[in-house]
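Multiple structures follow.
Both of the next two complexes hold chain A, though its partner changes from chain B to chain C.
Presenting the complex of A and B:
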């Protein structure tokens, strides 16, 4: 594991490098996983299948995508469940997933978002007998049903291939880039090698490979400086190329200088909400999560002063987010690998 | 000036457009009619336009060669989608939605054969929805159709922001270039945007005289 300043430079920054705390949260976000239980629909098991073994368990990276799990699932099914003849008839392009509750799972959503969306959807259903938590955030395997044929093409994006998933992913990165800066120059300025490399980082779940490219497009939280000390010689640090104007480089890429933070708000069984999220408010203060939520969902997050019971909660990557978290900081440190800050709102019990 | 719309501007422009084109007095008006306003079933502020029209194959008996298929990506015929071989008329669901990212009207659609099977992307390029010359120079995969020189695909799969259906979407980036103070630019963009009937999307913008 290469060091990104978390051990040798804890709490320190150099002019053009990423603060250690930023890297820490980025790594924590990256390494999050969720448990999945994948079971083939019993009605679709081919003849001569080894029934009773058609269930596969996997601890999947939150930043990954269902199409990227397909090869591993297929290997399991071929090795353990299906006989050789049935295996040859398998067409992965016809596979599709749904939850136990019948919710169609989307190919182009990160797995972590699928899991969190399931969690908040459960928050509006009658509580289970085992659920005693106010937030119902128990980490239990998400039970998926794998169908092998007849995908609902009117509801699902077609062609669940890894290449299609990559194209959808790159589109999300470009949209996030546009949201931040009003253009996609940072994304389009990447060489083809880098664009492929960032996706390879997702595929292989390699933090270093991903951030080697992502550090060129994701804003940093490094403070602006009046003078520029020499660049660090540590090759493992996130180093941005020195600008012709040292004083402007940190400002230009600073998370608090973006036009808008790419944020999407997910409600239980509702549409995805997306609006302009400025990093600072009109009075110059930082735009916080509580302000964002009370503005967009005042009935669930009543503005201060409010002394009543908690009505809802905001979750990112499976954890409750402090209300005073700054939106710009979230955009730099806890965005998903697709560049988006995905806030999932659940209903408190 | 880049043209963007607020949610309120978009809603008002769409409803004005729908109302203005309810009566059909000419072939041009006929192409702009048939729209209705839809809302999310529980939450306000997610409205959009919708209509259903009938399309045909552009060249029912011929094999078009405009489209260059990316050789590295197989166009899979899995039997779940309709093909160009079908002589049936086609049903096209059309939606005009406000892009939350680019803040411009965005055109989503799906095309189905009479059997109900959705058309693959390559076959959609052969329907009467799109002008013949639009496909020239494009590269197609099963996910998107792109001009090599552009940042975003010209046509790609997408998800309806409100209804959550899987649809195809014309790049909203084209609509970003339209200026409210440049009617000539609007008409040029209308022609560029795949020759859609009546430049519907730009009619919505132009009608409101939008500005940032």
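Presenting the complex of A and C:
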């Protein structure tokens, strides 16, 4: 990770003025996958099911959603596990997932977030015998129990259909847009085919299709003037001067010019915290992850000077993020496909 | 968390750590975590605004506990409007977007409050969906 550096300051500028490093991190974020082990609740298996095979393993894209996996899971179960007649009786809209620990899995959370949230929640439970790593970040399948009936609708909040997942997703994109710019003009300005296209990009896990539309709403890390030398380490360069040329599109879309970065902070077993996260601090310097964490969770990330042991860690897309990463940069390069930077905090051991 | 779900022999009980298991720093971290888990007992003002031909409420300012989920706001609104289950009701913040139902009123208030109010628009048809 550290070999790639943490700032926007290197890498060439490509034709569409997206720096190569930005594209690299966007691709790394997009290509991330997590292993899932899906097991049908043995008490709910229909009669005559093939009991030896009720487990299904899948390497799922982090940016995808559980309702999008359902056709594949269903196909497997129908082909291999369920008796044909019994399988036809099952209603897919009554299926729902639970973790091994009994946590309901939400239809509208990205799969990667479900996985990371499980990892940090495990960090406050007694260490299991198999965990040896300090952060317990080794990749093991997340074990899911698939129930075939009686969904706890009140707690799941949304129906399991791909359509309601899409609506929830669009809501998240719009909320992120509003956080960044104080309005949703970029989102509402998208044509219908683009709005559908961005969701298709997720459904088909197609990076290019997704970014063709997403680049119209997600800010860039491109320097404010294409002719200017690479930005110095002085972050104040990124603040829009009062008389900024309104025609300068890269400036208008610059990650360091947003009102606020869409960030949510996830703690083990909840809660989820969200408020205004400005890209720069009052002194003009960039707002870094370590500053953000020590402001919001000072008991877990004590502000400098602090020389005690590390109490907690911050993870995004399954990787530990360097403390000096800038919030604006994270918003442009490491946001999920829903536009949000999801910071998962676990307890260090 | 654990509910009436099937008893899995491989399941680990979510016991608190015993002192022998954890370092001092982990104990400190778990205590710190508890302070962040405390529910915010404060209340915030939510202002409901009808959109289109949605019925208008006689009273439209309400104080709602900040730790509530947005889902609770939706349910409250439906009750106040005597809305039938299954009849569509769309809710938005600042005439702009529908928040996730599991987001808290506190989070939404901190990010989107206007002059001390969280403005919730409601409509019988999808408006900004």
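Definition applied: the second predicted complex is superposed on the first by the 313 of 349 C-alpha atoms of A that agree within 3 Å, B and C clash if a C-alpha of one lies under 4 Å from a C-alpha of the other, contacts with A are read in each partner's own complex, and residues count from 1 in each chain.
As a convention for this text, a residue touches a chain if its C-beta (ideal position, glycine included) is under 8 Å from a C-beta of that chain, and two chains touch if they have at least 3 such contacts.
Fair warning: this is a prediction, and the values are worked out from it, not measured in the lab.
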Superposition on chain A - do chain B and chain C clash or fit: clash
Touched partner set for A:153, first chain B, second chain C, both or neither: first
First, second, both or neither for A:310, with chain B first and chain C second: second
Broader residue contact with chain A after superposition on the shared chain, chain B or chain C: C
Chain B versus chain C as contact partner of A:106, first or second or both or neither: both
Chain B versus chain C as contact partner of A:275, first or second or both or neither: both
First, second, both or neither for A:203, with chain B first and chain C second: neither
Partner chain(s) touched by A:259 [first = chain B, second = chain C, both, neither]: neither
Touching partner for A:91 - first (chain B), second (chain C), both, neither: first
Touched partner set for A:161, first chain B, second chain C, both or neither: first
Chain B versus chain C as contact partner of A:212, first or second or both or neither: neither
Colliding stretch - chain B into chain C, listed as 42-50, 60-68 or 78-86: 42-50
Chain A residues contacted in one complex by chain B, in the other by chain C: 106, 108, 157-158, 167-168, 171, 174-175, 178-179, 184, 188, 267, 270-272, 274-275
Residues on chain A engaged by chain B in the complex (per definition of touch): 91, 93-94, 106, 108, 150-151, 153-159, 161, 163-164, 167-168, 171, 174-175, 178-179, 184, 187-188, 267, 270-272, 274-275
Contacting residues of chain A [partner chain C, same complex]: 41-43, 98, 100-103, 106, 108, 124-128, 145, 157-158, 167-168, 170-172, 174-175, 177-179, 183-184, 188, 260, 264, 267-276, 297, 299-300, 308-312, 347-349
Contact footprint of chain A on chain C as seen in their complex: 1-3, 5-6, 8, 10-12, 14-15, 17-18, 21-23, 25-26, 28-30, 32-33, 35-37, 71, 93-94, 96-104, 107, 110-112, 128-129
Chain A-facing residues of chain B, complex: 40, 42-43, 46, 73, 76, 78, 80-81, 100-102, 110, 112, 117-118, 120-121, 141-144, 151-153, 156-159, 161-162, 164-166
